[in-house]
């Protein structure tokens, strides 16, 4: 019988949901931060056969040496099958070896497009943006070329916007039929958006974002309220299963023992 | 005082001349067979600092483990600085790391273009050639992308032809100004043609083949007679210095001890 | 534009839908060829000239018989020559439709008579490329790109013999060549070491083996020896081909003989000379020698071990000794 | 089309005319920077985020002062951040004109405040690319090609922010991206081991260091330790950068600190936090902390050893221990 945690933070729920979305024995390209935590949690629970790929060059690693603080960290090379550099990792992706890309972003729109470049008015304000973000890194490439992508991010109205300042990592463009294929892309696009408030997918026809489940304590209304655009709601939307005690324990005692990415305070 | 060999074969003279054309401390892309013998001879005599590159992937090797029978032979990897594969070797070439490419061919024309593909009528007879040769291998690439090329071959009328059946390795095309550059090539083209009968270069303006020296026992007339087109003759053409005893000794006792590429019978 | 093997979109689709998990891929030679080498296949041949030629797989293909094959390689000798000889002798058993290649001969051991025989009789379609072209075509395939730009051999008849294009570079305004990716249906690769999942450790030059494996729809690996998976993960930078690019792993000692295999054995020079002589005589009209070669060493052999068992021990031993002794100094220094 | 650094034809010409012989390239940090890093240079920065950042070279550039720089990298933190901070504090000493990059921040340690400061004040021209784009741009340069085709990030604003193009693939008819080669004037690369000729042995991931070195007009290598040439030739397949792509070799232990260096030391986390904090305060208007950082650790230091000498021993030792202990099992298995 599943033993659920009595209290957990939205971030812990986010990580657990990220982990549960990962299928066993799939190749997963890991973005930095929370995706690495979720992948490790999945490896320690239901998906020991996951094959992680890190953009700095490691394939098939076990993160048992400690949570990497960077996708270029030596810890990502532990027990790897294959170890090269950035070009090799992205070429694997372009070729089709990656089942899932696991990425984040600062802003997202209804079609799963992400911004991690700038807040401001592009292209006019490109040379002097209101807020300059770190830039695409590899996320823009993963979004294009992984077979599918999982997006993980905090759910706040300022992050969920109808129109992005800048389109860094492409989802379904404007939702028009075959938009990705016409642009020259190979991957199928975003599969799930996992947030602190909901699990979302995309309508098959319109490619518009849709609530599949609400996180414990949230409702369709509370999720909609935290979203800068109107969401579709799946007719079978359900309440997401809360974290297990064991999942929370693993996060803090086996994965991010130093609290680099996962905060420890209890909010709920 | 130089001690010349009393007798030597045209092939031995060819190898020695090939060796002497190699400058010390240059990077030389080695074709299979005689170029490997000449490069090793140069390394053992005046040019210990030559850096050989083999198309199967080895850079900077010392061929002290025995003469390789193939440019993909493990012997080409001995004491190498760098060891990868074919793409890496040709990318080095394309980038500009190779000073000299050292190649052969079955047929040559007055502008240093080479055929190693077929004898017959191209394109009509391409699908059923009179004689099918092994094909370009890497020679076509070396001819295009090494900074300069050295060509080494037996001097026979059937090999020196005004018009080739097939243009495999490009020299100066039709000799027209900037023909190589217009075609998109980066290397400067053929520098010398070393044969069993002569050392030849190319006229600076017309890019037409020109006798620079005749091999011992040959004359401008005898060279011309063995050539299927008219040659230019350098006003300062001279008789080439015969092999030294030591050069002949090294060829047979230190390099091709089994006689794979260099025959031993004395013809002169 | 026509594609032999898979088109870039087909190759992508096939890989995206494939199970890429880490599973035991060991199987028999016979099953590997039965499962992954079909009639009509475009076969990517690993190795370089007569180094690491996938001869155990070639023997098995000849034994099983295949039709309508396309052979893709940069420079090769024994592997395509044995297939060409099988076609010349037994056209109902083995048929090669097409060659995409840069060089087909034996280097020090001379030309390939059976290639000359097929080509000069117009029995096979040929498409000439340069070594770099073929290597870059596999590389484009491995990179998931439909083409790569190349600077050679621009202006040659090679570019007129094949499907390459030229264009004006949009950045420099100069002429540049474009060569289409090659995605064979199956890659045949012989390596020194592999683990049960297919991670390959190639010693010496890699040639274009990693690119061919990663470009192809399926990859069959023969290896001199299977190694524990832990050997691979202890030094992952030495993995040349990752497991998820491999479909079958077969342990076949001497699997490239009489070709050479870096660190394992040198050329079986006597055997190569014998085979080449028989082929040259076939080309001149005398078929008996070549027929008896195929019968003795391939068709009547149960499997590749059986063939190796028919090679005189002193030939195998000489090839081993020539290779290991010449590598001794290097290995001693490396072990320090 | 404009080129920063060298155009492909200029890069080819420069390399063709260069002495590529095997000569002793050891020199001091000061001489290496004086000889190969000029005002106006496009600098290719090796490493990845805060791994193997060439910080000894960056400190020396700040000490010597340079103007009108272009920085090219895929993902980096400390190296460009220290240069950006120097520009913000001492505009007459150091000036960055332009950034060509994919990601500029510290991953676990957050954003780069000095990058935000320069970018949000419009003090520097930026050209955004993706990580694969920048890696492939260096790779195109290393391959001697004017461009490479890419499939990502097609359709994004990144492609509108930079000099990439799209075209219809002449083989498939589908849209494909083309990104121009990058040929920096100088590459700054930190590695674990190099010999006196410049052969580099990179441990762990190579990132894009080999490509940057081979694309650049000049390459300056700092290494944790010099190794004998015989170590290189005993295992040439482990050479990541060949000597003829290198112009200067400087032995600088801890040459990437407080960035991490695989197999040598982990992140100097306390030092990174201190620097980042000072930079964040500068961005909010309080300059004193950052000024004092530069004064204490860079400007008043005679050389990089002097700076390392000012780091508390226990910080250095902790970084060493964290890295070596976590690698112990792996190295034990590898040594068997």
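Chains here go by letter, A, B, C and D, matching the order in which they are written, and residues are numbered from 1 within each.
The rule is simple: a residue touches a chain if its C-beta (ideal position, glycine included) is under 8 Å from a C-beta of that chain, and two chains touch if they have at least 3 such contacts.
In this text, all values refer to a predicted model and were calculated from it rather than measured experimentally.
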Margin query: Centroid from C-alpha atoms only, then distance chain B to chain C, rounded to Å. What do you get?
Written below: 28
Item checked: Rounded Å distance, chain B centre to chain D centre (Cα mean) -> 41
Next item on the list: Could you check chain A for residues that touch two or more other chains and list them?
Entry: 58, 77, 79, 83-84, 93-94, 145, 186
Next item on the list: Would you give the residues of chain D that are in contact with at least 2 other chains, written as numbers and ranges?
Entry: 9, 144-145, 150-151, 174, 176, 204, 233, 237, 330
Check: Touch graph of the chains shown: is it line, ring, star, complete or other?
Finding: other
Item checked: Touching pairs - complete list by chain label -> A-C, A-D, B-C, B-D, C-D
Margin query: Please output the residues of chain A touching chain C within their complex, sorted ascending.
Written below: 25-27, 49, 51, 58-60, 77, 79-84, 91-97, 99, 145, 147, 186
Note to self: For the complex, give me every residue of chain C touching chain B.
What the structure shows: 47-51, 74-75, 101-105, 107-109, 111-112, 115-116, 119-122, 125-126, 128-133, 135-136, 139, 150-158, 160-161, 166, 174-177, 204-211, 260, 262-263, 266-267, 323, 326-327, 329-330
Check: Can you name the residues of chain A that touch chain D in the complex?
Finding: 32-33, 55-58, 65-66, 69-79, 83-87, 90, 93-94, 117, 122-123, 126-141, 143-145, 166-170, 173, 179-186, 260-261
Margin query: List the residues on chain D that touch chain B in their complex, please.
Written below: 9, 11-13, 15-16, 19-22, 141-145, 197, 199, 214, 232-233, 236-237, 239, 242-245
Margin query: Show me the residue ranges of chain D that touch chain C in the complex, using the header's touch definition.
Written below: 1, 7-9, 144-151, 163, 165, 167, 169-172, 174, 176, 178, 180-181, 203-204, 230, 233-235, 237-238, 330, 333-334, 336
